Structures are given as structure tokens and as C-alpha cells.
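What follows is a pair of complexes built around subunit A, which joins subunit B in one and subunit C in the other.
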Partner chain A sequence: MTEPTLHEVKVPRIRQWEPWFFVGPSLLLLLAVGLYPTVFVAYFSFHNWTMGMGPPVFNGFDNYIETLTSSDFISSILRTFLFLIVTLPIELCLGLSIALALDQTRNAWLRRLVQILLVVPIATTPSVVGMLVQLMFNTQLGVVNYGLHVLGIAPIDWLGNAHAALGMVMMTQIWEWTPFVALVLSASLATVPQDIEEAITLETESFWARFRYIKLPFLRPGLVASIVFQTIFTIKTFDMIYSVEKGGPGDATQMIALHIERIAFRGFDVGLASAESVLTLIVTIVLAQTVVSFLYKDEV
Partner chain B sequence: MTKHKLLSLGHGLFLGFIALIIIFPFYWMIASSLKTENQIFQLPPVWLFKPHFASYAAAIVNDNILRALLNSLIVTVGAVALGIAVGAPAAYGLARYTFRGSSQIQFWYVTNWMLIPVVVLIPFYLLAANLRMIDNPIVLILIYQTFVVPVVVWLLVDQFRAVPIALEEAALLDGMSKFGIFLRITLPLTVPGITVAAILAGIFAWNDLLYAFILTPGTDARTAPTVMMSYLGGYIIPWGRVMASAVMITGPVVVGGIAINKYIARGLTLGAVK
Partner chain C sequence: MAQISIDGVTKRYGATEVLKRLDLSVAEGEFMVLLGPSGCGKTTLLRMIAGLETPSTGRIMIGGTDVTLTPPAKRDVGMVFQSYALYPHMTVRENIALGLKLRGVTPTEIASRIERVAALVQIAPYLERKPKALSGGQRQRVALARVIAREPSVSLMDEPLSNIDAQLRTVMRAELLRIHRKTGMTTIYVTHDQEEAMGLGDRITVMNFGHVEQIGTPDEIYAHPANAFVARFIGAPRMNLIRLAHRPGANAIEAAGIRAPVPATLGTLPPDLFLGFRGEEARPGAAHDGEAMIEGVVDVVEHLGAQIEVHLRLDDGEEAVFRRPRGETIWREGERASLAIPAAHLHLFNAETGAALRA
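For the complex of A and B:
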């Protein structure tokens, strides 16, 4: 038996152009503001050029060699990853707890309140957060050390001590982004069908069993999305940390984006900053491409 | 019964604690903006005080914060308007047509969303400096498209798909052009979705510090988040004024964020989370 086949309908030429009429302007704009600068960065990365110091001179892979052997660049990368591997698990655990708490039926108005409040840290201007951190974590007169004093803990030199400063920006990052994880996981929990939930509630009292066998499978896409996007957001992090101490004290909180900014706009070494940009870009694109395809596999 | 009450109490305490952690820095910001310079650093903290609005007046007079807010508003509205003008048709094209490369194009928007800002900043700065366009809001409006367009496109594709195709076919039979259908039939039906996309993209545009303090650093051109950085230069930080400015800067975005709180997760993950 032969399968019935549909004859391909010949689409007139004019119809083929129609989608480009709609999509084209945005593509041209993004090519201009996104891709074109990226190409330029790649070009500069093979040149020795300091802003305001004569024309760029081709120097092959010198910038890349300098970058990869510079302890400053490597330590910024490592610091960014340390920042990520400390904050991300805490954000996931705390975010999941909040999402599960919001999924309960008790304390309805409090749940609604928290749901709305979760948006606040995400929406708040990061540079304002940075200034607020400086005020609240002031060593002698800040409210955080006052709180520690009430608990009988000696004051911590948050802004002056390198380890304390890194801890401080980590806590701030967790404050800013745990709500995002909570909201994403909350949305995933909302996809658990009502009847399945009711059925399992009749079946078992055990919270763990209900979580492990019913909720977790529905949470998986949300967890993946949280990890992926939080990784991206962390690599992009600039505003909050910059407005706390511009990466200081010393280079204690200098993440990769701050490092590149410093080389480019305070050291004016465009060539070197471009090489670092290209390397960072490659890491992010590889990361993005590997995850995007399966993250959106239901789409398109 | 008692076990139920205990669970309820624990649940309430946990959520109450979370609410407190979120709110406290905000309380501190608003309270500090209404305290005198002495009261701000008084320990133990003064919880009850007579609100004093001198910091707001000082921020307006000394720091020209209103000008910065106006600059932010111009840049934000401009960036969102441009992003929707090109992004909404793009979303419509992707929603209504399947063509060679359409899915690759849709993912390419995501790649832009993941772009590290500092990477595009360097050549953009050099270009703007060459064209003598530093301190020109148009530069910011253009560079913000790297994140405005992806948000608008991804949020609107689903919106357009949800509009029944029968409506468009009826209009087509009436002789309306494809673009006319998009503009007069489909677009008006998705105004709520466009509003959400506009607010979300607007929050990011308003909050940006990195692009703004490099590309529009001038006193008359700087945007509101840049003003925050200007306080760091001085010997003594005038905390009352800083916090008064902070309240004025965050007010609009917090209100905007709360207005679209149901869509934040979906928006930030570009639709990966339903």
C-alpha cells in the first residue's frame, strides 16, 4: 500500500518574502548593535592598541597569550566561578523551599504577599542595591554589624576585609536572585495537574514521596532553566558589584566583567580587553548553545 | 489538629521571615531617606522619628536628580518603543510563518539576551566617540536593543500564536493586506501582552548602569543609576541624599515589577518557563 502523499503547494515568490518583511528590521537592528560590535572586538583582539595612542598595530596572538598567562585574568575567571558555585546552590535550595511553601494551601494572604514581594529584589536598580549594601554593611555604624552585636558577634570589616567583602557581595547576589529561582520553580509547580496531586494526597501522607515522585519530575525543566539563566546572569553581573566597591577592596570582588571593564576603560588597553572579551564570549556562547537547544526543545 | 497548627505556624514563620528579609533593605532605604544625617547612623537604630524631607529637596537641588530621572525616562521609553516597533512584527513573522531558518533566527535572539554587555560596549564606545555621540541618548537607545528585542520577540511570539487564525483569514478575504491585518487585527488583540513585554524590557533599560555610565557620563546626559555612582567620588557620602535619590530611582521599577509579577519568571527565561 502506498502512502497518500500531499502535493507540495507551490508558494508564489512574493509569499516567500513576506516573513522577511516582518522579521527583517529586527534582524538588521540586532546585526548592527549586537553582531557588528562583536566582529570589531574580534578584530581588535589581534591588535596592539591603547585608546588615544596611534593606530592599532597587528600583533597576532600576543593579546591572547598575555591574557591566558595573566594571573589577573585567570583569577577573575576563577573568582567568578567561585561566586557562582557558592551562590547558585544556596539560591536553588532557598528558592525551592520558597516555591514549595508557596505551593501549600495554608496562610493564603501571606503566600500572596510573598509572591508579590519576590519581584522586588529582581526589579530594584542594581546600583541602588550596591549603595544600600555600603550603607548597611558599614563597619562601625552599619545596621548589619549592629545586628551581629545584638547576637553577641564581634563586628566584621565587611568593606575592608577581602574575604568578608566577597561574602558580602555573595549574600547580596543571593538576596537579588533567589526570588528569580523561587518564581521559576513556583511556575513549574503550578504545572502539576490538580487531579494527580489530589490522588497522591489520598495515597500517601509522606511529604518526601509526594515531592520525589510527583513534584520533582515537573520541577526538572524549571531547575534546568534556573541553573542556566542564573549562570548567565552571574557571568553578566556588573552593576551591583561595581557600585559596592568597584571590585575592591583590592581585587577581592573583581569578577570577569569588571576586569574587562577595568582593562578597557581605566587602562584603555583595547587590544587586551578585546582578547579577554572574545574568550569570555566563547565560553558563554558554548554554554548557551549547549543548553538552549534542549531547554527550548518543545518550542518552535 | 495540633500537628496541623504547628505546620501552619512553621509555614507562616518561614514565609514571614522571607518577607522580612526582602523588605528590610527597602525599609532601611526609605527610613534613611527620611532621617536626618545624624539619625541615619544612630545605634541602636531610631525606629520612630519625625519624617524629614530635606534630603529629597537636597537631592533635587544639589544632584539634579530630576534631570537624571527625565534622561532615564527618555532613554527607557525610546528603547522600549523602538524595541516594540521592530520586535512585534518580528514576533508576528515567527508566529505566523515557518520559513527556512526561522527557528535558528528565534534562537539567535536568545543568544543576544545572553551577550555579556561589556563585550559590545568597547566597540560601541569607540564608534560613539568617533561620531561624537557620547552623551547622546540615541546611543543608549540603540545598544539597549540587545536585550529589549529578545524579550519583546520571545514574549510576543506566543501572544500572536494565541490569536485565532480565523480572524485573520476573514480579514484576508475582505482584501486587507498582510501588514494591515497585523496592524489592525492582531496587534490590538495583544495589547496586554505587549504591555507586559514593554514593562519588563523597560525595567532592564531603566536599571542599566554599565552602558549608561560609559556612554552618557555627562552631568546633563547621565541617567538615574549613574547618579548613584557620582556620590562615591566625594570625601563624605551624603547618605540622606543618596537614599532619597535611591527611593526616587527604584520607585518606578518596583511598581512596574509588581504590576507584572505573574510574568517575571516567564519573561526573564524568555519563555523557557511557562
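For the complex of A and C:
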């Protein structure tokens, strides 16, 4: 008997390319709005280019040296860190409290309502947030000073006083982003299987023990995600502060993103602004990576 | 170890009544099986004993104390969940240790208890592994170890063998019994598998639609089912129940292909009856005095290894199933056959109420 002939199976070329048709459009879009500007910025960070003052000229690391020796840049970076160090822990604590409270809520209707309310600050247009904040913190007309007045505290010049202004944008930042943390953590808490919650209630009544031994390990990925995202969002904070204070009074609320904007679109020094952007990007990546490598363990 | 009593417990979810005024008592050290089809309320009852659900009415006592409103952690009960509910982020050792640690057991005592239970349920080699690195059977042992190490006065098990394969299930069944004999823990075990219930239980509570159909030893339930539901539910193959009409005054019940004596001690019979008999208690051949006779056409013969299963089609269309030893060649499909059943193995049920008629 002769061996039957085995035919090579030929997959049509079009089938091999098929995945690219699906991935292609979004990939192109990502390249256009993500990768291209990054490359653009990286390229011009090595050039001396002030818009309207002739073509870009390569100048090596001059922009980086100028940036790193600029007290204005350094103080903006430090101010941004202060902003991050104050707001992030508060956002985490408040967000975790809200998530835990939601998790305990038996009333499904109430839980749904709170979840919807949590989306409001995230969904509100930053410029609208800015207008509302200006109104609420207005020295004469604002509801905040009215509240302080009721408590017997003298009115504060929120928009004019440097410290008060920084405090005000911190409070606004916390108001704007705590719900995001709360939603992420509440999604993490929802991953705790019901039988495991029940198993631990057979062991202990203590909320703290149940939190530490069961909920916290399940919260870990959500906490890491919150910290990483909040670090990134906070470092690049621009819109809210811009619409409230434009970095003022003076440079009291000038975070790094506002500083870059000032250099790029008011000084038109694209080269210098690009170098600052690249440095900020590096700092952000290093921070995020540090958080991930320290905190993230694939446990559950 | 403790005695458990359930007094008049009802559980409602909205308008649905899951348990209906249920009474049950479990003796100290007893292995009690709650058996019933899915949705009969057996798991709800177990969860109420654990404290994971609160009864709508009634009282639950453990060891003479009313625990109806006691939080689960204060009831001193251990539970093996159907899904095992092992803590996924902890090693086997940590899984067993957590409950002990939370109850203030000293570290040296914890270590020695873990050694003991690990040997008992044979998981010593896996103590440092996480649950996801274990097989189903190993996880089941860990869940069991977690309860045993705690030494609770009551251990509750919710279908613990349903997620492991059939072969391992028989092994684990024997092991559960061995462990129960050793620890003497009062155990309540929920299952829908009657074979498992018969094998494990000191007593079985057969439940259906939120109420108790019968409580008794496996033998009582098998030999003297209290009603048609229990008769159908217990035993494989299930008991044959054939609907018959009884003419008043007759000393036998008769139908197409059946003639069964009626003991005079039963008194007046209802007009509508089920005659019940188990296939394994019939023998081929003509009926002697006082035996029931059943006759029909052999419909199908199935070969099951050690036994053959014979399906007999009675003249009025009803079917009766018998198990006979392998190699019995008198059963030929399409031919008529008759069998005799000793009177002691006949069961009569009121077809309307389902209740067994007993002398």
C-alpha cells in the first residue's frame, strides 16, 4: 500500500494579516497622538528652538543643563512633589474609607447612588471645576469663607495668599481624585469571593483582622494601581490649577506642567520646554516603576 | 462537642419560604447528613447553624445555648465550604494557622496542632504551598484540616466532595469517616448524593421543599421509607412504585401483571395506592403464598458488569426495574417473565398523600 500524500496546509496570506486589520486603526491613532509627540519632544529637547526666531539648531545637552540649574524648574518640581506627598495619602485614606463603607452597605440602591455620585467629580470638565472653585473660595462671596465665618474663623484670602492658594488647589485635587481611588478600590474589594468572606467571619468578629488578613491582600493590586495612576495624574496636573489660579499668585501653585506651559507657550522656548518635559517623563517613569516594584506582588 | 437542636425554624426570602417550621436534633458526636434535592433548603439550614443566615422564626441551640443571634465567630463551629474557601494568598500552613491565631492559640500550640492534622489528613508535604498549587482533593483535605485544627464543637460540611472526581470521592468518603471516628466531632454534612449520605451518616435527614421527610439511620430509611418521596430518593436503582387501585374488601391488590397480598393488619386501605418494591429484592419465578407476583415483557436488558439491569414492561404500560446477577440467561428481550417479591419487602403508600401505610 502506498502512503497517502500529505498536503501542506496553506493559510491564505490575507488570513495571516487579519489581526492587523483589527489592531491597525487604533495602533495608528496611538502612534499619532502618543508616540509622535514624544519623539518630537525628545528631538527638540536637543535643539535650540524658540518659535518665530529661526529654525531649530542642535545644541546637545544645553537645554538639560539649563533646566537642571534653573531654580524655577527645581522649585516647580519640588512644589509638585509637595503637592503629591500631601494629596496622595489623603486620597488613599478617604478613597479606602469610602470603598470599605460601600462594601459594607447592604442597600444596593444606596450603593448605586453613591457610585454614581462618585463619578461626578471625575466627569466634570476641569474648567468648570476651576470656575466653581473660584466661586466657592471667593473671599467675599464664597461658601468656604461663609462656613469659616459660621465657625468663627476670619475670612481667608484663598486666591491671593500664597499658602492659602496652594492649600486650595490641594483640596480641589483631593476632591477631584478621591472618587477615582474609591472606585478602583471598591472594584478590588468586589473581587473578594463571598465564601472567603464567610470563612473569615466564622473565625473572627474583628473588622481589623478581616481587613488585614483577607481584604488587604485582595486590595493590593487596586492600591498599587491607584498609587501609580495618582502619581502620574498628580505630576502632570495642569487643567484644574490653570483654570483656578494659572499657577499664581506669583508662582505659589506653579506645578511642573504649568511651568512647562509657561516656557513653551509664553516664552516660546520649545527646546527648553521639551527638555523639561523629557525630564518630567523620566521622573514619572522612575517613580511609577519604584512603586510597582516595591508594592506589587502577584499574590491572589 | 455539642448537641444541636433546631426548634421550629422558618426561613423566608421575601414571599418564598425556604424552610418551613423545621425541627431537628443532632446528638453529641453524631454524624448527621442532610440529604435532599437541590433547592430543598439543606444548605440554608446548614448556613443558619453556622450563623451565616438568620432564621425568620424559631431557635437554634448548640450545646444547650441559644445561638440564634450569636455571631458566627462566637458559635465555635467550623465549616468546610463546597468551594473550600481557602485563603488564596496564604500557604496551607497559614490557612490552617489563621483561625487558631485569631483565637489566641499560642504559636507552639499552633505548630503542634498543624503537625497533627497534617498527618491526619495527609497534607504534610504541601504545607508551604499555596492553594492554587494543589489538586482538588488536596484542597479538600486542607479545608478539612483547617476545621479539625480548630477543634470546634460542631463541624459543618457543605457538599465537600462534590467538586472532586468520582474515584477520589470514594477514597475521601472513607477518610471522612475515619477522621470522624478519631475526632468525634459533632458533624452536619449536606449532600444531594444519596449514596454518599448512606455511606457517611449515623443518621440521615431527608429534606424536600423546606421540610423534613424522614429522619433515621441509613438502614431505616432504606428499609422503611416513611413516604413515597423518600422511597424514590433513596437507593440506586430507585424503588419501583407502581400505581394501583384497591377495591374495598379485597384481601389483595391486583392490576395488570401484578398481584400482591394485603396484610389484614393494615386496616382500611385508601382507594389509590402505590405499591413499592426494590428490584434487588425480587427473584425470578412463580410467587409462593404471601408473596407478590409481577409479570410483564422484558423490555431492555442492560449489562452493568457484576449485575444486569432488567426493565420489565407491565401489561398496563408501567415499568419496573430489577437488578440481577450477571450471567442469568433467562432474561431475553421481548419475552414474558415473572418475578416474586417476599411480602416483607413490599411497601404500600397512599398515592394521594405519599405517606407509607404501615401495620
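In this text, the second predicted complex is superposed on the first by the 260 of 300 C-alpha atoms of A that agree within 3 Å, B and C clash if a C-alpha of one lies under 4 Å from a C-alpha of the other, contacts with A are read in each partner's own complex, and residues count from 1 in each chain.
In this text, contacts are C-beta pairs under 8 Å (C-beta built on N, C-alpha and C of every residue); 3 or more make two chains touch, one makes a residue touch a chain.
Just so you know, these numbers come straight off a predicted model, no measurement behind them.
Annotation for the three-chain superposition on subunit A: subunit B and subunit C fit side by side. In the superposition on chain A, A:Ala108 makes contact with neither subunit B nor subunit C.
Once the two structures are superposed, subunit B and subunit C can be ranked by residues of subunit A touched, with B on top.
Looking at the shared chain after the overlay, A:Gly34 reaches subunit B, while subunit C stays out of its contact range. Seen from the Cα centre of subunit A, subunit B and subunit C lie 80° apart once the structures are superposed, a value rounded to the nearest 10.
Look at A:Leu151: by the touch rule set out above, it reaches neither subunit B nor subunit C. Judged by the touch definition given at the top, the superposed model places A:Ile214 against subunit C, while subunit B stays out of reach.
With both structures placed on the common chain, the touch criterion links A:Thr204 to subunit C but leaves subunit B unconnected. Of the two partner chains placed by the overlay, neither subunit B nor subunit C lies in contact with A:Val57.
For the pair subunit B and subunit C, the least inter-chain C-alpha distance in the overlaid model is 11 Å.
Common to the subunit B-facing and subunit C-facing surfaces of subunit A are residues 299-300.
Those residues of subunit A that touch subunit C in the complex are listed here as 193, 195-196, 198-206, 209, 213-214, 217-218, 299-300.
Considering their complex, residues 16, 18-23, 25-27, 29-30, 32-34, 36-38, 40-41, 44, 51, 97-98, 101-102, 104, 106-107, 110-111, 113-132, 134-136, 138, 141, 143, 146, 175, 179-180, 183-184, 186-188, 191, 221-222, 225, 228-229, 232, 235-236, 238-239, 242-243, 257, 260-261, 264-265, 270, 273-274, 277, 280-281, 284-285, 288-289, 292-293, 295-296, 299-300 of subunit A touch subunit B.
For subunit B in complex with subunit A, the touching residues are 7-8, 11-12, 14-16, 18-19, 21-23, 25-26, 28-29, 32, 40-41, 43-45, 82, 85-87, 89-90, 92-94, 96-97, 99, 102-103, 105-112, 114-127, 142-143, 145-146, 149, 153, 178-179, 182, 203, 206-210, 214, 224-226, 228-229, 231-232, 237, 239, 242-243, 246, 249-250, 253-254, 256-258, 260-261, 264-266, 268-269, 271-274. The touching residues of subunit C, when paired with subunit A in their complex, are 50-52, 71-74, 77-79, 81-83, 85, 87-90, 98-99, 102-103.
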